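Letters A, B and C name the chains as they come in the text, with residue numbers starting at 1 for each one.
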Amino acid sequence: MHRTGELYGQFQTLEQQKASATLGMWIFLATEILFFGGLFLTYTINRQAYPDVFADASKTLSLPLGTINTLVLIASSLTMAMAVWSAEVGKKKLIPLFLVLTLILGSIFLFIKGIEYHDKYVEHHIPGLPFQFEPGSSVATNAHAELFFSLYFGMTGLHAMHMVVGVGLLIWLLRQSLKGRFTPDYNTPIENVGLYWHFVDIVWIYLYPLLYLIDRHK
Amino acid sequence: MPSQLPIYPDQASNFAPQVDTLMTFMILVSAFFTVAITAAVIFFFFKYRRKSENEIGVPIHGDMRLELTWIVIPLILSMVMFGWGAVVYVDFRHPPQDALDIYVVGKQWMWKIQQPNGRREINELHVPVGRDIKLILASEDVIHDFYVPAFRVKMDVVPGRYNTMWFRPTEPGRYHFFCSQYCGTNHAQMGGWVTVMEPADYAAWLSSSMETETDPILAGEKLFSEKSCSMCHLADGTGRGPSLNGIYNGSVRLADGSTVRADDAYIRESMLLPNAKIVAGFLPIMPSYQGQLTEDEILSLTTYIRSLQSQPVPAKGAGVIPAGKK
Amino acid sequence: MATTTTAPAYTMPRDHYLNSSYGIRSWLLTTDHKRIAWLYLAGVTFFFTLGGIFAAMIRIHLLVPNGLLVSPETYNKLFTMHGVAMIFFFLIPSIPAVLGNFLIPLMIGAKDVAFPKLNLLSWYVYITGGCFVLYAFATGGLDTGWTFYTPLSSVYSNSAVAPAVIGIFINGFSSILTGINFAVTIHTMRAPGMTWFRLPLFIWAHYATSIIFILGTPVIAITLLLVALERVFHLGFFNPALGGDPILFQHLFWFYSHPAVYIMILPAMGVISEIIPTFARKPIFGYTFIAASSISIAVIGFFVWAHHMFLTGESTYAALAFSLLSYLVAIPSAVKVFNWTATLYKGSISYDTPMLYALGFIGLFLIGGLTGLFLACLGLDINIHDTYFVIAHFHYIMVGGAIMGYLGGLHFWWPKITGKLYPEFLARVAAITLFVGFNLTFGPQFLLGLMGMPRRYHNYPPEFQVLNVLSTAGASILAIGYLLPMVYFTWSVRYGKVAGPNPWPATGLEWSTDSPPPAENFDVTPVVDWEPYDYKNRADLGLGTSVAPLAPAHGDD
């Protein structure tokens, strides 16, 4: 098994290894943009078709919880960036600290998401299970609201899965950092996980207004 | 008349000669390039065959003028092909105003056709020669496609919307039509015959025996009342919804100031997504009928609304912009 | 007359990647790109055979107008499963995952790809996706067409749609991982001196293909996931009865599936660009133009998808735009065909099997590509859309083009991969059999389309029978053409003549190492200071330096 920091067999130099890892992560994030992109397109088409129902359905989401989550995630990007910075300047003791903070914030996000999902379950707003929008809604309104919630669960669910993977990566990084592996000369894994984490954050920053803030001013 | 191309079906519509001529052009251009390049390849293959074990070829890396030539010439030819095809297609996508409207409903695995006077047929389409015919296509389930090889035209039949296609038959006769979008088990059996008749024969056929079929206008009127449309859409314009007298294919002013034509698609949308377009002066209170009307029922209601074209348009409360007002 | 390359007697190298370790674990847990190529070879050959069996059944069934062999339900499953197996599990992986995996590191002077473990993972992902699809085939089959149009696939079909689309979804990640691996490898792992414009055109082709893997595949993944969710949880994205839009599915589907056809053809074009200079013994004509055309095809190919939707009722303006762009994407392909032909001029041409495949490719791809122009023509598409014309068109490109390229490449690099030569005479017979059988199978289908026979029909009106019989006859010859290489390639691994490092000889870096190569590819990292296909200045190849015959180059002639 290779340990982090060593030169892998297929590479000639550590520079080549680092360049490859970083380029690989950027390209992977490009694929993720296209992956989420299909959902964003579906959302756009459906919102344009049923603007009123989408607005009504959006209002049944908890604005306070969604906003808290947004702030939590932005803060976690800050702590993640601090972890990368600590590695770059050689403050080895700070790395695990910031990674733990990021982990805690990420977990808070997932926990709050769980609360929101539970609320939707109670309100019969989960598509597929018996779905009922406001009592007395017409067949059409019910169907269009179910479309909104299909997209809500699809997009936030996919996002949450990516968060879970991110949490796993953070735990791995934490273990490595506790062993003192990351130095100013070698911190590629933190940097790349940082890229991933920031990407997941940016996806949420798009999801939040599109899902929670439809016509809230009205 | 028989087509110029020997294996083609007969040419029986206004589009057939256009499509066939374009096809001939494409075949000639393609044949030219195929023969030219194949001949060059075969010629070089034999002329420059290796004559001794260690022989190599003459290193020629490229030639800019040649590259530009064989970019520019294909580009010009492509644009001709595009332009010519576009002209035919744009014509096909714009049915003439005075076309005869025939409704076609596709469902697994049959076609239900309704003539303008309500006469229905199954897997058969009777049309008069020399007249512009517009087919309004609806599906009750999956995507189908209505294809008449002798007319050289087809159009997808998509659930959830209307598609239209048009043609002008030019030759009396019987021509095959096929479903040509895979639609399940009996897709290959979902076809029938188009019968093109002289106008007099068509008129006679049209008015002969409606048998025990229900007059779709009456059926539509019945639905109009059963589904409570008549509660709001009072004919005299005093109801909560606009009067539908004279509305079919007329101009409607919307709440946002724009004007639309109340064609079949508009009427259908008004039933299923009433809030998409609100008539000026009315509130967005109409409930949606999505999930409560089959395509057949929408068709019947539309036929009934169409029959209201000649009814008197009230001065106030009409859906259509009354004559004299702009 | 020296129209065959004769190889002098060699012995196999003592240590190479095939005997560097033994046992099933050394294969199933390998991270050597060359062994992973073999793993993929096994997988794609399996799915090709399966798809081929379905094709044989289809052609036999269509011998008579009422259908000879199977029920309508079964027929619909046959053409669907034929398409799914061939496209997702054979054509898309074939050249990149077999030849690309084997050759890319060798061609650029690297020891392996950038992420060898991801490479192995991508094979396991491919196999997992394949298992889901095989499960779907075995339990109820699949009868939606490989295009899965909704709401037929998401609501009305009674076949095993959910496991099948999940299998294809999973398989998509195999493509994505391969694309990432190739793109990074080509960027960062080139040997010293291997600048971008010294790269073999095979590499350019795979770089362009990787762009499509990366940007296109995620879209089909999410789309099929939505179909699965719609089916299992009765959601409404694509179901008009629930407010959804079936045409949205088509946009999402074709956004990937059109570039996917470029995934299938670009690598084959890369193979042809290697074979022709080798067997004409001169540089390719217009290297920069061919490299640029690969990238152009990949990029423009993302902007033409709705030419599959001209007759869905989409806006006329959209149709005009997509038709125009479809003509633009054809130009770079035309450029390649002209450049390959020009390369033959004043070459020193030998008739070895790879060259036969390459020349067959030029002719058949030409016909396939030209008939694509027919379909891009709006005024013609209203007639020939969804007829056998389309089937003939894409088989000319995918079989006459991509598969010919794959087989030509397998023959060309077989000596490098195995250290052995395949039997040349039998190989030529097979190539010619394939060419004849192929044309007899698919040529008549153009005519069937013009006559008006729709596709995906298990029955047909009697006037279409003669051409259908002709097509089936051709298919039987085609089958022989495919079986022969399976037999003699297998035979050659054990009994073939030893090839030596560079039997042709060819100029690529992969030919400067042993056949088969050592596990770490090169004993010493090469430093590149020559241009590609530079026969004139490669004295090390032991050839003459001009067209006229010279004194023997080696003392051992």
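The rule is short, and it goes like this: a residue touches a chain if its C-beta (ideal position, glycine included) is under 8 Å from a C-beta of that chain, and two chains touch if they have at least 3 such contacts.
Note that the structure is a prediction, hence the values are computed from the model and not measured.
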Chain whose Cα centroid lies at the greatest distance from that of chain B: A
Between the pairs B-C and A-C, the one where more C-beta pairs touch: B-C
Centre-to-centre distance between chain B and chain A (centres being mean Cα positions), rounded to whole Å: 45
Separation of mean Cα positions, chain C and chain A [Å, integer]: 36
Chain C: positions in contact with at least two other chains: 241-245
Of all residues in chain B, the ones touching two or more other chains: 290-291
Touching two or more other chains - residues of chain A: 49, 140, 143
Contact set on chain C toward chain A in their complex: 105, 110-116, 176, 179-181, 183-185, 187-189, 214-219, 221-223, 226, 229, 232-237, 241-245, 248, 251-252, 520, 525
Chain C partner contacts - residues on chain A that touch it in the complex: 9-12, 16, 19-20, 23-24, 27-28, 30-32, 34-39, 41-42, 45-46, 49-50, 127-128, 140, 143-144, 146-147, 150, 154
Contact footprint of chain B on chain A as seen in their complex: 49, 52, 138-141, 143
Chain C residues touching chain B - in the complex, by the definition given at the top: 1-3, 6, 72-73, 76, 143, 145, 149, 151-152, 156-157, 240-247, 280-283, 285-289, 310-313, 316, 319-320, 323-324, 327-328, 330-331, 334-335, 337-339, 341-342, 344-351, 359, 362-363, 366-367, 370-371, 373-374, 376-383, 385-387, 447, 450-452, 454-461, 534-536, 542-550, 552-553, 557
Residues of chain B that touch chain C when the two form their complex: 5, 7-9, 15, 18-19, 22-23, 26, 30, 33-34, 37-38, 40-41, 44-45, 48-63, 66-67, 70-71, 74-75, 78-79, 81-82, 84-90, 92-94, 108, 141-143, 145, 147, 149-150, 152-156, 158-161, 163, 176, 178-189, 290-291
